[in-house]
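Listed next: structures, encoded as structure tokens.
In the two complexes that follow, subunit A is the common piece, with subunit B as its partner first and subunit C second.
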Partner chain A sequence: MLQLDFLDDLRRMNMRQLFYQLLNFAMIVSSALMIWKGLMVVTGSESPIVVVLSMEPAFQRGDLLFLTNYEQEPIRAGEIVVFKVEGRDIPIVHRVMKVHEKEDGSVKFLTKGDNNNVDDRGLYANGQAWLNRKDVVGRARGYVPFIGIVTIIMNDYPKFKYAVLAGLGLFVLVHRE
Partner chain B sequence: MHTFLSRVNAVSAFSLSTLAALTFGCFASTFLKNYSAPVSITAANIVLKNVPEYAVSREKNDLGALRFDMNSDLTPLFNWNTKQLFLYLVAEYETQNNKVNQVVLWDKIIRRGEASVVSLKNQHLKYYFWDDGNGLLGHKNVSLSLSWNIIPIAGTLPLWSGSGSYRLTFPSEYTQGRSSY
Partner chain C sequence: MLSMEENPPKVNKWDGNALKNALDDAVKDVLLTQFSYVESHKLLDGRLIISSVAVGFSIFALVWDWLYPFPQSRTVMCVCVVSYFVMMGVLTWYTTCLERGIFCTALNKDAAGIDPDDVWNASSSLKRFDNKYHLRLTQRMGKSGKGKEAHTTLTVENFFDETGRLLYGAVAKEVLRLHSDVENKKN
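Here is the complex of A and B:
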């Protein structure tokens, strides 16, 4: 059975192999991190992948949105933008419904969630009626369903996350290859 | 080789890679697609008032109102990768205050499988047509057009406009009194 195989591997292991396994593990983690940060640089956006919590029926919890934030592209009605209200950390994914842009390029706009009945003025800071360029984290350009569901399960059930990490670590350390 | 775990491993690895390939295929087969369609829009009962917009400030802004007819067949926009269409009617115009003004007056979601022919008569606006200032008075060139955002099953989220817009003109005097809009 499987358990006996593990015990055999443990007996044959020495310090060198242990370090090799640890290094392997660290390599995998750092390459994932490099790809993530590289994506951020290429698209010029703070977080290229956002796990969505509202905007039904277009997006459900756990969907992945690919964002870009190129300064030259103007903000236009109908676009889906991710923005942060000043003073609050939570990014909001909603659609632009009103745009007023001046000759010098300064723009103010209003957003509304597809599933909401009213616009977002109630969500903005006290006294704030419009959003500006600087509030925008990114613009949604692409979409993949369901992928983020693993992250949401990890967040909602932290014990599950620890169990998976512990199991993964144990497996990598003990496995011979 | 043929233990239960290795079989589970092989099956799950294969299904995950197939799913990934299919998802990529959805994206690759539709990101260059042309999603335009002809639309016909007309508007009537155009009213213009100048009243304070309390949600923004104490100042008086132009408030327009109208009823519109719209006809369009959007069936060709639905393909194997279309999950939903988000339609929105946009009024676009230029004023002295702002070079670009875009106001969404009405929107609708058409999901995959629902009726995709739009045929509206004498439709109310869904959202208030506020201007940022007093730029609508006597404006002869407000362009009303229908655009849509394609939400795919997986892939890009393009915005397309219907061909065919309506040129809206506003009266040179405000409508007084409590006329309904």
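Here is the complex of A and C:
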């Protein structure tokens, strides 16, 4: 009996108010979504914020990186870029070692993690020896330390992620303004 | 189903928001059951429409970006994001300027159906951590367009019992008194 008390508010609502509760929840989700998409548009990157997994000593595991991906800015050796290998979802944060540029503007790069002994050719797709511009998700522009640990935990323990999201969702749906 | 008079709601008496909602519901119930007024949903409908349009933009952006991945979807994303935040602005304006704490609009329909209705609006406010519930009742005559209003301040603890159950009778008395105050005012 006690655990259903929190549903009392919902039970006393008419159709319109129930619909408004749903919309409230949708608006909170939408605001987060729109801020993310807005960031995508402003930075030009399809994933403007990534979590670093390994790039010591420059970045620690769990740092949050803020990226931009402007076409006009050339990528130079020594810069830290985030790229995706074709066919894999996880973006990799490593440093550019070599850059080859043709007259027509097309570029090829080779990357290597600061903490690794060898370059990234082992990570690239089968037969791929260089990265192209289109593989690059963005260049690191700024970072916030440590906060990304939450994302790593949520991805390592998906049940925890679903529990947190379900709890938050339920709270918003049931709580009356 | 029991009416609110027979089964008044029980709330967490320390939660100011819950108290205000319970009082609002009770005032609305009194206005609609004691007089033969009909509730008008125009105000809430407006809010629902604005919110729905905003969410619509967001869903559209989500689907479009999924169908045409990022670089191509740039312009559409831009439009959707800007529109969404414009709608949020519209919603804020709507709630602040148009709604202004009005939680119930009741219409006194003319028996013959010829004259326009009288519009009764009830609005309230309860500050955070405060115990003073301000209730304002306004009447706008359909025929003359003239408005009359009266307000009162209720001390919240007088309208809930020890367990947090609403004292419907006490609320009804106040509402009826306020109602006749408005009606009897000379314009």
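Points to keep in mind about this one:
Throughout what follows, the second predicted complex is superposed on the first by the 139 of 177 C-alpha atoms of A that agree within 3 Å, B and C clash if a C-alpha of one lies under 4 Å from a C-alpha of the other, contacts with A are read in each partner's own complex, and residues count from 1 in each chain.
The rule we apply is simple: contacts are C-beta pairs under 8 Å (C-beta built on N, C-alpha and C of every residue); 3 or more make two chains touch, one makes a residue touch a chain.
Everything numeric in this text was worked out from a predicted model, so none of it was measured.
Applying the stated contact rule after C-alpha superposition, one finds that A:Val144 touches subunit B and leaves subunit C untouched.
Legend: residue contacts after superposition of the two complexes on their common chain; A:Gly167 is shown touching neither subunit B nor subunit C.
In the superposition on chain A, contact is made by A:Arg16 with subunit C only, not with subunit B. In the superposed model, A:Leu33 makes contact with subunit C only, not with subunit B. Of the two partner chains, subunit B is the only one touched by A:Glu103; subunit C is not. With both structures placed on the common chain, the touch criterion links A:Gly78 to subunit B but leaves subunit C unconnected.
On subunit A, the positions that touch subunit B within their shared complex are 2, 57-59, 74, 76-80, 95, 97-103, 107-108, 114, 119, 121, 129-130, 140-145.
Listed in rising order, the residues of subunit A touching subunit C in the complex are 8-9, 12, 16-17, 19-20, 23-24, 26-27, 29-31, 33-34, 37-38, 40-41, 46, 176-177. Contacts from subunit B toward subunit A in the complex involve residues 3, 5, 23, 27, 55-57, 83-84, 86, 88, 90, 97-104, 107, 109, 111, 127, 130, 132, 147-149, 151-157, 159. Within the complex, the subunit C residues that touch subunit A are 9-10, 17-18, 21, 25, 41, 44-45, 47-48, 51-52, 54-55, 57-59, 61-62, 65, 69-71, 74, 77-78, 80-81, 84-85, 88.
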